[in-house]
Amino acid sequence: MNQTLAASLLDRIGRAFRDVTQTARSWRGAPYREDLPEQDSERLIEQIDLCLEGKGGEVSVRARAAALGRAYLELNEEGRKRFLTVLVERYGLDRELVAERVEAWRRAEDAEAEAKAVAGLRDALDPPAVRLLAQFTGLPQGVKFLVDLRADLIRRAAEDARFGRLADELRRVLAGWFDVSFLNLERITWSSPAILLEKLVEYEAVHEIRSWKDLKNRLDSDRRCFAFFHPRMPEEPLIFVEVALVDGMAGSVQVLLDESRPAEDPHEADTAIFYSISNCQAGLAGVSFGNFLIKRVADELQRELPNLKHFATLSPVPGFRAWFEKQVAAGAADLLTREEKEALSSLIPGEVTAQSFAQALARKDWTEVPALRDGLQAVLTRLCARYLVREKAGRRALDPVARFHLANGARVERINPLGDTSRKGMKQAFGMMVNYRYKLDEVEANHEAYSEGRVIASPAVAKLARA
Amino acid sequence: MNQTLAASLLDRIGRAFRDVTQTARSWRGAPYREDLPEQDSERLIEQIDLCLEGKGGEVSVRARAAALGRAYLELNEEGRKRFLTVLVERYGLDRELVAERVEAWRRAEDAEAEAKAVAGLRDALDPPAVRLLAQFTGLPQGVKFLVDLRADLIRRAAEDARFGRLADELRRVLAGWFDVSFLNLERITWSSPAILLEKLVEYEAVHEIRSWKDLKNRLDSDRRCFAFFHPRMPEEPLIFVEVALVDGMAGSVQVLLDESRPAEDPHEADTAIFYSISNCQAGLAGVSFGNFLIKRVADELQRELPNLKHFATLSPVPGFRAWFEKQVAAGAADLLTREEKEALSSLIPGEVTAQSFAQALARKDWTEVPALRDGLQAVLTRLCARYLVREKAGRRALDPVARFHLANGARVERINPLGDTSRKGMKQAFGMMVNYRYKLDEVEANHEAYSEGRVIASPAVAKLARA
Amino acid sequence: MNQTLAASLLDRIGRAFRDVTQTARSWRGAPYREDLPEQDSERLIEQIDLCLEGKGGEVSVRARAAALGRAYLELNEEGRKRFLTVLVERYGLDRELVAERVEAWRRAEDAEAEAKAVAGLRDALDPPAVRLLAQFTGLPQGVKFLVDLRADLIRRAAEDARFGRLADELRRVLAGWFDVSFLNLERITWSSPAILLEKLVEYEAVHEIRSWKDLKNRLDSDRRCFAFFHPRMPEEPLIFVEVALVDGMAGSVQVLLDESRPAEDPHEADTAIFYSISNCQAGLAGVSFGNFLIKRVADELQRELPNLKHFATLSPVPGFRAWFEKQVAAGAADLLTREEKEALSSLIPGEVTAQSFAQALARKDWTEVPALRDGLQAVLTRLCARYLVREKAGRRALDPVARFHLANGARVERINPLGDTSRKGMKQAFGMMVNYRYKLDEVEANHEAYSEGRVIASPAVAKLARA
Amino acid sequence: MNQTLAASLLDRIGRAFRDVTQTARSWRGAPYREDLPEQDSERLIEQIDLCLEGKGGEVSVRARAAALGRAYLELNEEGRKRFLTVLVERYGLDRELVAERVEAWRRAEDAEAEAKAVAGLRDALDPPAVRLLAQFTGLPQGVKFLVDLRADLIRRAAEDARFGRLADELRRVLAGWFDVSFLNLERITWSSPAILLEKLVEYEAVHEIRSWKDLKNRLDSDRRCFAFFHPRMPEEPLIFVEVALVDGMAGSVQVLLDESRPAEDPHEADTAIFYSISNCQAGLAGVSFGNFLIKRVADELQRELPNLKHFATLSPVPGFRAWFEKQVAAGAADLLTREEKEALSSLIPGEVTAQSFAQALARKDWTEVPALRDGLQAVLTRLCARYLVREKAGRRALDPVARFHLANGARVERINPLGDTSRKGMKQAFGMMVNYRYKLDEVEANHEAYSEGRVIASPAVAKLARA
């Protein structure tokens, strides 16, 4: 959990906590020292044991767990690491207990006994550390606390694989709580609380929000923004999507984000372009609700604006340039077709090879000479189609963004050269962007095709990819 | 699930559903026939299999599950039984898979492999039926649907123990969703929606609400009513408590419910009397949140009204008369003390024995002759103290209401003869009521004492119980 | 103001008031005695004078006015009358001041001076009593207080005409505050607060609501109920309308109110029937917002349910029987046509005259013999058409309900014999009801026609009325 | 009304309007040309006449008025001026009608007749232009529309005094609608809608809000911000105040606004400092609700934070430097005392006179040499005390900010040299700021004293002012 968030949590918990857990605090005696030295760890272990034994009844146990959670928040980086180490060292799975329960299951003689044995075995597979942490929800902001604690564990997994494994166990718990049917899809507008809008700026991961003015422009009358929220984290978006309502397929993100452009009438738009999707909570990595976002938002939009006919993304191709350069480095002979070489021969000095083509692209000004730009783009567009449609790792697409949308049932609709001319866009993909299109009645078939390793594309892209 | 609720669900789902699951319905082809004959069961099984295989991606699976849920709602009593029978017959635990996974766990050679094996084993312990049902939350009102379906299973457990075991499995899932930290405690007043108040009338289980006027009186300015709600069942209370704000300990529920009595100033009350607690959802039997209710309500009340000093219940003693009659029938010699027999000798015809004492109580008019009433009450009060404090089944109190409050950390404070003179009160307990008192700083110790088999009582009651 | 409302006001004001106007109370010294005897009146006058002089700044004046308002609420019937008498006796218009200001206006020599003089004259025309009362809004629930105080004045106008005139002055003030553009139109459903629904029962003036079950039925899925609210009286409807969504024109209110009838699908209804409109606040008599209600509700309904094609009322004809009996008593020769007399000759004993016709109707069982019923109804229907379309007082319709709808631009659409067979319906109008229809594009022309004395009716009714 | 606001209004009205006033538009025929040439004015006049005559019933009149309002919004600067000119030329007071009604009043023979005559006279004093404009509230955002239209009139008053007089008439109408008892006091926090916070930035008139970060700092946990809102302008603050919760009296606004300072615990503050009060609506000039703001906010704060003991402002002294320079220019001999001259003699070159003192202050760096700064400040502080306490225009204080707070019942508490070292602060008042203190139990007496011409000050300031 990052320090700012932790501080803000501590701050919010503040007074509320003081009232609620007065009793809890009395158990803690003196606060733990910030770095949780040996001696304090021992006191900590005592408290955890009391908690896990269920001393004093459920209500007391919750209060005690809340006190432990608060103790964690008050520790420094070093102290937290020690706290987590205590958890993974002492409160992991009890292998003997599991073995015992397996035995009991084997011996069960009737359905009734088997049901009991299964329940017992299941309990034994639930590590005490996880049982303890799940009770931290008693804290004000306790769900957010646990999400952040898992983010912390993931970050520390490199140092100590046990932290990673505890994070995996927590994923299971969080996946239950964050099941999509418990989430609220909410529209975000310029009338939303500033404290929430501020978080869009913080969490936007695709096209950076540069200022409040930029943000306001993205919430204009011809834009929509939706996010999933959990009832217990009402000011924390889980994932959000930014949508532009336009006429026809949009090909350039710079045009979409141009603050000087006047808003158009959303009742005359025929296409909803999903141009940015950002996950907000590192601690929810691996918990799936993103798949539902696009479908749910498309439903909402269609309800509001029956004039909308098409739903598509305008997406980056983050792996394209790296793939291209790897091909060039590997000396791929088939990168350029004969026709392309001919076409480029008057534009590129010397012999036209994958290498000289790559050198031409390496020059910052390649987009500034129209003929050169057009020549290079034509080839890049084809290569990008090939990269998206034909290049795979096993059955899955190479490109990470492609993987998300194809698994969701979208198809590759159109390649947009110079769709993103920002530094990031040029660096990742020579400015290439792609539209993935969601045709609601084909989504299921597309998903099935993709799960068998076939990428569905529009006829135009399919033809390009075959070239 | 009772038919009215089901009908109301179907009704509400109505239009919403039609829009959302258009695709879903298309899979179903013709609707299942109401009683789900053989042929239709086969189609049902196909659909369930598709669902469990995850065909078409997560979004499609949810829609498909919703269609199955809707199919269930449209069945009649017989059809539902067949549906549930299909579930318990075909979608229970796969014992071979479990055995395999146990083996894999045994063979795991390092922590990483073990973690994977544990996860695999855990999955295998999750019966497909439960995985399927958990996806029904995709239905509008899906959480309520599942709660009601579990109520249905519990009701049918007597016919077929497999239904009971499936209900137990569902309890585990629901316990996760209905963890107290996800519930909202809300105050209910005369300004609450009628649709909600109507449910209080329906669910009140202790002292029947006779009319809207009676209800309004219970929500007057010197009364409080609180309920727990789940964010996905906003109009359905899970459990609610009715509180009277009074001066001193209240002893008679008829006085509390008297509609003609003017409201008192709650800012001058020193005691909060919890006089009725009702669980509302049969499908949440065994999911514990009741324990938290009294503590949370006491906190709320103290925040609002710092003048409150005491928190106590005015509770029925539902098992008292049955216990008493069992003692009499068993010819218990020690039921009456020598002093009591003497005192009663002028009041009861013939020899004073347990039997003649019981006969005196069997007469409807025993409360109408003051001397007789006083004489009988004195003995009943002592016996009731004994029943509550000393009579046990193992370490637990005999009386079910006593069990709840004692496990919560309350103590037996005062016995109230003729505290409930309603037919029900006389029939259950000769009109006896009891105050359980919650002293916030003793709750934890009381709980511990009780979990070791000791019932804590006020000095007066303790003395009576010893007599 | 009725005593219950006053008590409830006093109650609500309770604590809030104590805090806010602590200072205010300090001025009051001892509370006034309940009947406001001479001596206390003098103190009252002192306080009013201080208030009107504006002593201590605006904030203080408001607090002082609030204290006076509270004093009024604490008086009994007699005391209130004295309070109001003080107002009308001492704080009416200052005729000399008006004369002076008129003079100043005459003398004004330029536009600037005239503007000032006009402002001065206007002030002088504002009686101090009204200025004082307008400041009572500083009370919690102050707007409701003033509305109720005006109701009180209207009720007392018969005793003392000065009260009536003060009520007229207050109407002007309230008309400003209750301008329709400041009101909120809100839908009322079974999910509305019970405290609000309870008021529908209290205020319903057309077809009595007999029970909460009856009320719930009127809020079913094929019904709508809308009310105007003022932002400062959020729990007090000002006027409300009950609507049934049906197929075709409804003719019988008993059918509409039948609790056993199942709800129909509102998405398949083509007609909205406004079957009950009730004013709720006696103190707002003469303040017009009712005119806007039907138009606004029709707009709302059409937005929600585009399938609705027709908007009409099902209304009583409260003056019909009285008018008919007056005609009979006056010996009107033309009441029955020759054809009608012939048709009735076999049904009514003796000669068919207006008198014998009236006698036939006077029998309680006239509706029970089919032939007789049909014969009498035919005549009544024609007479009712005549009564509604042709009978006037000056340019206005005779019937009070007709006056409201015709002035609103509705037309007389259909006469419904035995449309209301309740005792009240038979007593007022021999069971006759009428549909007034609002055709949105004719409303303006109909209004103009009516304001020139012409009643617009459907061809069928017009033909009947001419017969 | 400024063009941006108008545009935003037009924008918002957009779709809503199209639906609501379809009928209305049909009357308008072709839209008026932007500059409203002669011919179009004539059509306008026809429409206004229809409106004032009440043709077609109240509902139609409102729709027609809305259409006129919309027409106004679509005009350009020139067209609007013509529109307003039509209003003041043709729809002013009808003097003959007034004279007639005066006559009728004179002739009235009894109370009843007099009441009628008074009502008639009052109507005649209501110019048609005002009656027309008051109906524009039928527009979506109609109340805001009228407020802005009045701002427009005020701005144009210099060109044409008739516009000013119409603005005065509108003030009367708006004063009724914006009576403080109809306003909501709301707290504004960082969780408020961005669309609202944006307006604080726009309207802040005392200490400019430089960025969203600056704004967030002003809404931190030890700050409070409150505004009055009208129910019909929910996103438009009318007036707002910014408060800092501190320990002891605050003397420097730069310290308060320092973004790097950590927030303090508001539960330990003893003083609420009102450091910025801004009126937001130019069109509400002369409508008093500001007086109530401080009292209401102080009440709110005391409820939330009982630890608060003192309420004071930290206010600018905008007229101080101008007054000082006028004194110097006028050669005021008594500006400096003998002791001051002596004390300054070593600090200022040449003879110490009002002029040389002023020259010293004219140097930009006078605050940088400690001894000089201290010497000059000592004199300025005394002069500022004199300026605030003793300098008057009639009975009123010279300084405009002083006038507001003194009339509200505050006293001059403390003078703060270099309390505002911003350019504006130095330019207006050599950096002087002043605390006005609100002692709740002295407010009324202070107000009375001030209304008789006496300024109440703390003993320290009073002594300084006398020096």
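Each chain gets a letter, A, B, C and D, in the order it is written, and its residues are counted from 1.
One rule holds for everything that comes next: a residue touches a chain if its C-beta (ideal position, glycine included) is under 8 Å from a C-beta of that chain, and two chains touch if they have at least 3 such contacts.
This is a predicted model, so every value here is computed, not measured.
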Both-way neighbours, i.e. chains that touch subunit B and touch subunit A: none
Longest centre-to-centre distance from subunit B, chain (CA-based): D
Separation of subunit A from subunit C, taking each centre as the mean of its C-alpha atoms, in whole Å: 59
Whole-Å separation of chain centres (CA-atom averages), subunit C against subunit D: 40
Euclidean distance of C-alpha centroids - subunit B vs subunit C, Å: 49
Chain pairs in mutual contact under the definition given at the outset: A-B, A-D, B-C, C-D
Subunit B residues touching subunit C - in the complex, by the definition given at the top: 11, 15, 190-197, 212, 216, 221, 235, 267
Footprint of subunit C on subunit D - complex, ascending: 19-20, 23, 55-60, 62, 93, 98, 102, 105, 111-112, 114-115, 118-119, 121-122, 125, 134, 137-138, 142-143, 161-162, 165, 168, 172, 176-177, 179-182, 231-232, 288, 291-292, 295, 299, 303, 407-409, 440-441, 443-444, 447-448, 451
